[in-house]
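Here come two complexes built around chain A, the first alongside chain B, the second alongside chain C.
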Partner chain A sequence: MAAVAAAGLVLPACSGAAAGTITTIRLQQNKPEVVEYFNALIKDFESKNPDIRVVQDFNAGNWVPGLIRDSPADVVTNAYSVTVADFTRKGIFADLSDLPAAAMTDPKALELINSFGQYQDSELSALPFSLAAAGVIYNKALFSQHGVDVPTTWSEFLGACTKFQAAGLTPIYGTFKDSWTLGQPYGYASGGTVDLADFFSRMPLTAEDLKSNPDVSFGSDFKIATDKFLKILGFMQKGAGSRSYTDGNAAFAKGGAAMYMQGPWALSELTTINPDLKVGIFALPMSEDPAETKAQVTLDMTFSIVRSTPRLEAAKRFVSYLMDPAVVNAYNNKFSAFSPLKEATVNANPQISGLQPLITSGKYYLNVTNYFPPAITLNNYFQTLALNRNDKAFLTTLDDAWHRVATRNA
Partner chain B sequence: MTAPADVRAPALSPNDDTEGKKVTTPAVPARLRAHRKVDPTYYWMIIPVLVLFALFSTVPAVIGGFFSFTNYAGYGDWKMVGLRNFQNIFTDPEILASYAFTFFFAIVATVAVNVVALLLALGLNSRIKWKTGIRGIYFIPMVLSGLIIAYVFNYLFSNTVPTIAESLGITPLATSILANEQWAWAAIVFVTVWQAAPGATIIYLAGLQSISPDVTEAASLDGAGAWRQVRSISLPLIAGYVVINIILGFKGYLGTYEIIVALTGGGPGTATQSVAMRIFSGFAGGDYSYQMANAIIFFIITLIISLLQLQVLRRREVSL
Partner chain C sequence: MTTALTDLRPELHGPEQLDGTLQTKIRRTRREGFKVNWWMTALMLVASLTIMVPLYFTISMALKSPEQAASGTGFAWPADPQWQNFSQAFVLTNYPAAFMSTAFITVLSVLGALAASSMVAYAIVRNWDRKFFRLSYIYLLSAMFVPFPVVILPLIKQTAMFGLDNPLGVAFIHIVGGISFNSLLFIAFLRSVPIELEEAARLDGASTWQTFRKVIFPLLAPLSATVGIFAFLGSWNDFLLPQMLIADPALQTLPVVQQLFQGQFNTNYSLAFASYLMALAPTLLVYLFAQRWIMSGVMRGAVK
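Our next item is the complex of A and B:
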């Protein structure tokens, strides 16, 4: 209703005689920090496509109510995870596999999207626009000061930690008062030891699956990951349980620790606190073979078009514009992320360039937390594990919680 | 259960319409019925509120109740699943733990708030210096939002208290109490008392001021000391206010939410998750119908408790 009214107000005001031929589409964009950037993109698109107007809606809370009222936005951006995949499986999104952009995208990135399940087992419901890659953020000055090289194997990593510890320096800064920050180290530990996409495709999703496939479990597949996670936590400072994310940023920026396990979103915070800080990122090696090391990513922004929209053609033109390599590369360079296109330019940001080779060669996996439905309070379980160090109880809790959710999803 | 009270005082049963009518209708004399014409102004006062209440509270509640019998995720297709959600709740250890925590917290907070508030009220009601000023200071927490208070205390518990404890050499307090699974609840109770005590104090002060000075004067002439006066005069005379405070408080603490969110977020681990937090998680988690079933169960439990408390109130001859 509101959108129709708004469109009605806008149209006569701006276009005069050609009012009848202008199509207005709505973009649901949920990242508050890029609203201005998208406004500029929309302006550019509108000047090239005078017959289409785009309205940006940045209130994420409008999405589900829009679906219920049968008036959702035409184009929607999502950080793609199991939650969004639920919309895909219910057939909310249109098939985008025929767009030229689909052929330009790295098949590995499409594979990650499709690993959550496809509508009718064939459709492509989202196009990846931005990959946020995460790794271990390290203080370059402290590394060279203590003569430590960037580790390429698990034992080199343990050696580096021991070396810092012996020098009286905290190897890794822990902030598990904010339980979500534990998703990074656990993500590295599990992504490097388990084929996550394969594991979660075998996990039961419904009561039916549970009956037919009861054998796959966290208890058997995530044991190594959990042990290595606890090893990593052992190198964090005392009292990490009462330190928050902001405490961690402040302490690491001031040289309080050699390494910090956070996503790229922390980088700008760190340089704001200490502009002289020189940091790099490396992917945490989880095995003794450097060639097996992979980077952890999230599908930070993907585009989907709502299947029911009567403005499908206009929406496709807008998405094709956004997926233009120039637009994709400019955005990802600006926001310290990586382009998922085959023809990606190399990211110029020296802070994250350590992950570039892995992304370019398609060696990446999705953060484990993206596979968990929000009904499972995963972060709270991480926190319990971090405080009690009881790996058996943690894995049992995960299995029980997963099975409970599967049982109640018919 | 409520029948005896209704016979004695039918006017006091707003929650029990059918029974009230059964008892009162024949009792209304015919001559009163002839003059039943009520000023329509009263209806104009009631009806808009009634419509708004029904539209924005009753109807959504009934819809939510309906969806608790489905597998609705908040959007998309759904089908009826009967009582499956309810069965699953009773076998979900996390939901059961959240009930245990919520009741434990509500009982401890009710006792703590009332003890503190009563002591404060007795002190503030006595003839001390700067009485008005001190009263004002004690009431400041009431005008602050619980969320803000909790965030401030979050900082104090995580940073200030451990720093002080460490410099004094008190090792048990050197790590944040909020990171301690066994004791995080104590911090939540502390902040709740800090925020809720002034409200209870006001009610106690009103009660204490309603005690005639003659009574206390007579008691002191008889040689009763301060403590004896409190025990034998003040407390019995404000017993009704104690009941009101306990009932209002307990119901409020059962629905506790924002202070926990700001202090621990339900952690550490899952140690401090209240029922309200679990229910709210259903809106974001695609777990809508399941948590609706949880909400219905919680509603029934609170309803039963409220009815029991109302019984106690009637016996105490006080009305809310």
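Our next item is the complex of A and C:
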């Protein structure tokens, strides 16, 4: 045993290490578009850690089967939401709070992760690697052409929309055909008027909760948000119901509207279609006090280590390498996202820099859709609301659906 | 020619009568040979568009740059074809490895489906008088009523326990999963094969295996073509089973690695289509060379 340990210490120094001393770990990576980028990171990591080999698996469908056959990947990336938190609460992931990276991360970002629930109410099951901040994408040329400034209050925003409308221009481009795109405007409307983390922590999750805690509901707390959402939709073009996400990208890139409510993922699509397009992002103000405006984020990529892995040390070294500020900042700069570290570099990308001050000062909330379990077909409800504009029916449907799912959960 | 026919059926037709019929027949055949049914041809041309238009899209998309792919209606042929899309897709998907894995599964599934289902069908049809075989027929058929997603989780667990969480396991499940439908086809066909053919072989001293191998299996050829084609398409294009069952990402199949080009919000259409075209090629080639058997096989399967 001692001999093996000694060999393990000596051998990494020479390049031709024997096969027995190399630990191979598997990384389950959930974003197909960054597979190549991660291959380069892995190469760099392996050259610095010759005793570890990393295999990247981008077949996201392999995660649950891996758990079933008791051989899940050692390190997993996730877009963290209530679905992933389900695994956290069951103790699938190892505690990462003792990693140095946990201390380097912005407590506000860790709070977002923990707000979904922790294993044994104390563990940290995921480390945030990338925050995707979303806001209203606006066409800079059209704004200056019509003499409109970036709105800082809700009434300024309504004023800007009316001004574009009077000039015969579509204020906001809507794409209801892809129902998920409605999650953006609804996210701004609800995130700006409701304390989402607090609200969802009070919502009943199980049949047990349902008995003791029946007086919290969408019907009472989301009324204003839904009304403002419908007001926003009123400024979208006619026929938005038959336009898809791809149509929206093409139309907005060609100057078909002044504003577009999409996340940063649309930016690269927009510049591919029209390389000359100049866009910026602002957080949609939902009140009359500019200081209350917050940015909407998603925990686009987080790292977790599987608790049962026999290669825990190697996995921790790999995650620590990935959470190195140089790696985190380089990645987020390249993919138009924000670093969740305390020592984050400022993202110089003019397309998203409008949100930087809010992120730096910790004024952000999670998109509302992240709190809904997949059993609630939220996007379909959004679409129905967008087409029939019946806010009462929408809120009742949400409450009913939530209670139905909670009743099922033991 | 005429005399030979007359000799065969002298009691049915007199020589003159037959001569007359034959003349009309030849004339009619000639006329039909030259006559073109323009309406039908036009209809078939329009129908062929359902294949040609998507195929055109696939090819032209595969040759476009991302900028070209995003502009226009998509019908335009790329101004400067981007042949490097193919080499890029080739490297990104690690095409040779994925191709070998898919081909391995497909070959095993096709051969296995043919062998297993035909043997099962032979055993059942020739032992129809025994209760056990009649029950096993119903048992096999009842498998068709179990929706696949219902059994996927237990299957993952079982294949892992038996060390089959790899392409071999996928091929095995394909074969087993196909037995009910395939043997149903074989059984229906085998019922029409006269037992006298086998009795002749038996008299010559053939064993059961020899009878099956030398007499029955060759007779099943047209239906084997049908079953083989179904098995080929099913295993070559399968996404769910390899995605769920294959644990090692290095052994993953083409349809699964091609997810690479499709993010949640972004799709790299030109690389994706280049890759689809490369995955499509073997199926297309098989069809071009085997379409004669495919057509006859499809019609064979139509009448059970």
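The rule is short, and it goes like this: the second predicted complex is superposed on the first by the 393 of 410 C-alpha atoms of A that agree within 3 Å, B and C clash if a C-alpha of one lies under 4 Å from a C-alpha of the other, contacts with A are read in each partner's own complex, and residues count from 1 in each chain.
The rule is short, and it goes like this: a contact is a pair of C-beta atoms (placed from the backbone, for glycine too) under 8 Å apart; a residue touches a chain by one contact, two chains touch by 3 or more.
Just so we're clear, the structure is a prediction, and the values are computed from it rather than from any experiment.
After alignment on the shared chain A, the placement of chain B and chain C results in a clash. Residue contacts after overlaying the shared chain place A:Ile68 against chain B and chain C alike. Of the two partner chains, chain B is the only one that A:Thr377 touches; chain C does not reach it. Once the two complexes are overlaid on the shared chain, A:Gly219 sits clear of chain B and of chain C alike.
In the overlay built on the shared chain, the residue A:Thr272 is in contact with chain C alone; chain B does not reach it.
When both complexes are overlaid on chain A, the residue A:Thr407 reaches chain B alone and has no touch with chain C. By the touch criterion defined above, A:Gly234 reaches neither chain B nor chain C.
After overlaying the two complexes on the shared chain, residue contacts for A:Asp86 are found with chain B alone; chain C is out of touch.
Look at A:Gly255: by the touch rule set out above, it reaches neither chain B nor chain C. Of the stretches 21-29, 39-47, 201-209 or 237-245 listed for chain B, only 39-47 runs into chain C once the two complexes are overlaid on chain A. In the superposition on chain A, the residues of chain A contacting both chain B and chain C are 68. Across the complex, chain A meets chain C through its residues 26, 31-33, 35-36, 55-62, 65-66, 68-71, 245, 250, 263, 265-266, 268-269, 272-273, 275. Residues 71, 73-77, 79, 81, 84-85, 88, 92-94, 158-159, 162, 174-176, 178-179, 181, 265-270, 273, 281-282, 284-287, 290 of chain B are the ones touching chain A in the complex.
Taken in their complex, chain A has these residues touching chain B: 64, 67-68, 83, 86-87, 90, 92, 177, 179, 239, 241-244, 247, 373-375, 377, 380-381, 383-384, 387-388, 400-401, 404-405, 407-410. On the chain C side of its complex with chain A, the touching residues are 66-67, 70-71, 92, 153, 156-157, 159-160, 165, 243-247, 249-250, 252, 256-257, 259-266, 268.
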